[in-house]
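The data blocks that follow each hold one structure.
Below, chain A partners chain B and then partners chain C, in two separate complexes.
Right, the complex of A and B next:
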C-alpha cells in the first residue's frame, strides 16, 4: 500500500523532537530553530513623488498549506514610518513587540524623539545582524518605508543583516516576478504620483498571485505622505483567468 | 533540518589607484544575492574623513557592520585628539579590527584609500582576516581577477614588502587614472554579472574630494 502523504509531513519531520529521539539530533548540541514555520511571502515597496506605498498579501503559509488567510503583514509604526514583512510570522510578532516597547520608551522620555524610517531601518539591521551572528536568526526580510525629513525613504533588509535602499523593492519571490516590472514602470514614469504607485504595487501583487502559489488576492496597502501614514483595510482583487484555458502541455 | 549559513556573497567590485598627488577610488552600485539583484543603487564606498575613503565588497551585512565600527573609531579619535585620524592610522586600525573576528570572520574584501599628510595617494587592500597589502593600485571583489591583469598591463604592478605604501609613477595623471578605472569597470560589467549599474568615482586631491558617477550596463 502506498504510504499516505500528509501535507504537513515535510515540516513535522523537520521539527526537532523535545525528547531528543530525533536521529540526527542525538548527541548534538542544543540547536535553535533554523527554518521558518508559518511564513508570509513577497512584499512590495514603491517610492513616489511625495511618499511611499507598501503592499503585501495576507497569507500565512505553513509549508505549502495556506494555513492563515487573513494576517496583517504590514505595520504602521507612527505617522512617518511603516514596515512590511516577509518570512517567519512568529519572528515578525517578536519584532512588533520590540518596536512597541521602544516606542513606549520614547513616548515616556517625552523628548520629541520617535521612529523615523531611517532610524527604524538602521535599528532593525542591527537586530537581524546580531541574531544571525548568534546563529539564532530571525527568519524575515523587511521593507521599511516612510518620510525622512519630508523625503520618501525605502529601505530593504534581509535576515542576514544586509540592508540597502532603492526607489522600488520586492522581497522573496517578488524579486523574480515583481522587481523587473517595478523597474520598468519607474523607468517609464520616474515622477510617479500616489495613484500610479498604488496601481503599480497592486499590479505587482497580481503578477505574484498568478505565478506564486503561496500568495493570494487578499491584500493590504499602507501609504505614507506628508499628511501621515495610513494602514488600509484588507481588500481583494479579482484574478483574470481567461488565458488559463489556453495553457497546454502541463496536463 | 535545514542548515543555516550566516554568510552571503553580495558581489560588487571596488578599486583604487594611488597617484603622486591624488587618490582615486571607485565602486559599482549593484548588490546581488545568488542570481538576483537586491539593489542597483548601493555604491559600496564610504568616506571616513576628509582624506580617507573606505570601500568594500563581500557580504554586505558584514560590510555595514565593519563600516559602522570604523566610523565609531573615527568619531572617538576626533573627540580624543581634536583632529581626524590619518589615512595611515586608519590603515593600521583596520588590521586588528578584522583580525579581532579571526574565528568568525567578516566576509569582506576591503580597501582603504586616502592622502597622507604630505598629500600623496595611499591605497591598501586586505584579506577577510586583516592581512594588509600595499600596492600603487588595488582591486577587490567579484571582478578583481578580470580587472587586475588589465591594470597590471596598463600601470605595472608595484608592491612593497614593507608597510610603506607607494604611489603610481608621475606619468599616471589623475585624468589618465580616471580613464583607466572607467575602462576597467566597463570591461568588468561586460563579463561579470555581479558588477554593473552605476560606478561612483571619488577623486581626492589637496583641493578636496570630487565625486562623479557614470552608468554601466544594467543587465
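Right, the complex of A and C next:
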C-alpha cells in the first residue's frame, strides 16, 4: 500500500514500518488514518447576498473504485451553520460525533448558546491541528458555512489545521477545476443572489463531473439564509457527453 | 483558637446544622472594603472602595479584568481573589482559543462555582475567603453575578458586598428602577458612586484615589476607568447631600482585631500570633504577614 504520509522527517523515517504503513507501537505516535480508505472528493462553497450555499457529490471512493454512490458529505449543524467535507469518510464520521456531542451539551445547558459558523470553524481548526500535531492527522478538508450575526460566513480548513475565509471555496480536485471558474463568476457578479449562487455551485460540480473520475452526477446542496438552513434532498444532473467525441483519444 | 468544637474542619456539621468554617469564610468577605455592582439594559458597572495600609503606600487593587467582555470586583482576601482571577482568565482565554468568541458568563461562573464548591467539602484546605461581583456582557446582554465563598452564585440587578455593604444595598433597593432604566453609562456609574458613598465612614468622602470604577457593555469592552474620569463622575455626586447618618454598627461575629475600623481611632497594633503575624527579615525590616487589605 502506498505511503500517504510521506515527509522527509527523520522522526517519521525512523518509524518502523508494519504492513507498509507506520506502526502504532508503544512509544510511537498513533497512525490510524495515514492511509484513508473511503473518501469523498471535492466540495464547493459559494457566498451570496444574504447567505451561503454548499454543494458536494455523494460518492464514497475506495481508492479509484466508486464503492459507495450515495453517502451524504454535507452536515446541517443548526439553523445558522452547515458543514461540507472532503477526504476520509471515517474521520468525517468521527467529527460528526464530536459535533453531535458538543451540540448536545449546548442544548442541555439551555442558555441559548450554540454553534455559529465562525465558532465551528475555529473549533474544527483546533481539532485538526491538534490531530496533525500528534502526527495522526484527520484526513479531511472542510468548508464551514452559514450566517454569523446575519452576515454570510464561509470558512475553509485543511487537514493540517490551516484555516481561512473567502467568498468562494473549493476543496480537493475542485481547487484546480472549480476554483478558477468560481473566481471568474464572483468577479463578474460580486452581488450574487441565491439562484445565481446555486447555479454556479451546481455548474462547478458539473465541471468536476466531466474531469474528475472520483466524482459523480449525484449531488446534494445545503443553503443557509436568514430563514434558516436547509439540507436538500439528493438530486442528479444529466451529463452531456456530445463534446467527448471531439477529444482526441476518447474513442 | 477555635470558637467551638464544630469548626475545626469544613466538613463537620454543628448540631444546629451549620458549617462554621464556611460561615467564617463568608465573614471574611465582610472584612473587605465594599464593592457595588449594577446594570441597566445595555451595560454593567462595578465600583469599589480601595484601601491603603498607610499614606505612603499605594491602594490595594479591587477590580480585575478577566477578558474583553468581563471583569470582577472583589471583597475579602486579595490573594485568593488573584488565584480565582487567574483561573477565570485562563478559562476565558481557552474558550476564545477554541471558539473564537467570548465565553458566556453563565458558563464561566459555572466552572468557577464547581472549583470553589470543592473547597467547601474536602477536609484539607479551606474555602476561598473572597466574594466577587462579576460584571460582563455576552449573547444574553449585560450581567451582574455575585459569587460567595460558599460557592453559591446569584445573578443580580444590583448588589453590594464587603464592609458596610448593607447601606449600599439599601440604596440599590430604593433606586432599582432608576438605574435599571438609566439611559447613559454615566448615570449608571453615578448611581454606583452614590451607593458606594453610603458605605463610607462619615469622615470619608468619594475621591478618585479611594474609588475604582469599571464598566462593560454592548460594544464596550471591559474598562477600568482612569482616575481623571472617575474624578469627573465623582464631582457631580459629592455635591449632593449624603444619606442620613447610619446608626453605629454592632460588632461582627469575628475577632475585634480582624474587624474593619469603623472610625478614625485605629486600634493599637495587634499582638503577634493573634491574627497579624509580624515577621522580621534578615535586614531587620518588619512586614505584616497577614492583613485582610482587600
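General observations
As a working rule, the second predicted complex is superposed on the first by the 215 of 251 C-alpha atoms of A that agree within 3 Å, B and C clash if a C-alpha of one lies under 4 Å from a C-alpha of the other, contacts with A are read in each partner's own complex, and residues count from 1 in each chain.
Methods note: a residue touches a chain if its C-beta (ideal position, glycine included) is under 8 Å from a C-beta of that chain, and two chains touch if they have at least 3 such contacts.
The model shown is predicted, which means the values in this text are computed figures rather than measured ones.
With both structures placed on the common chain, the touch criterion links A:123 to chain C but leaves chain B unconnected. In the overlay built on the shared chain, the residue A:156 is in contact with chain B alone; chain C does not reach it. Applying the stated contact rule after C-alpha superposition, one finds that A:203 touches neither chain B nor chain C.
Once chain A of one complex is fitted onto chain A of the other, the partner contacts of A:112 are limited to chain C, with no touch recorded for chain B.
In the superposition on chain A, the chain among chain B and chain C reaching more residues of chain A is B. Contacts of A:218 after superposition: neither chain B nor chain C is touched. In the superposition on chain A, no chain A position is in contact with chain B in one complex as well as with chain C in the other.
If you check the complex, the residues on chain A that touch chain B are 14, 16, 24-25, 31, 34-35, 125, 129, 132-133, 135, 137, 156, 158, 160-167, 169, 175-176, 179, 183.
Here chain B touches chain A in the complex through residues 1-4, 6-8, 10, 31, 33, 36-42, 59-61, 64-65, 104, going by the rule given at the top.
Residues 97-101, 104, 106-107, 139-140 of chain C are the ones touching chain A in the complex.
For chain A in complex with chain C, the residues that touch the partner chain are 109, 111-113, 116, 118-119, 121-123, 126.
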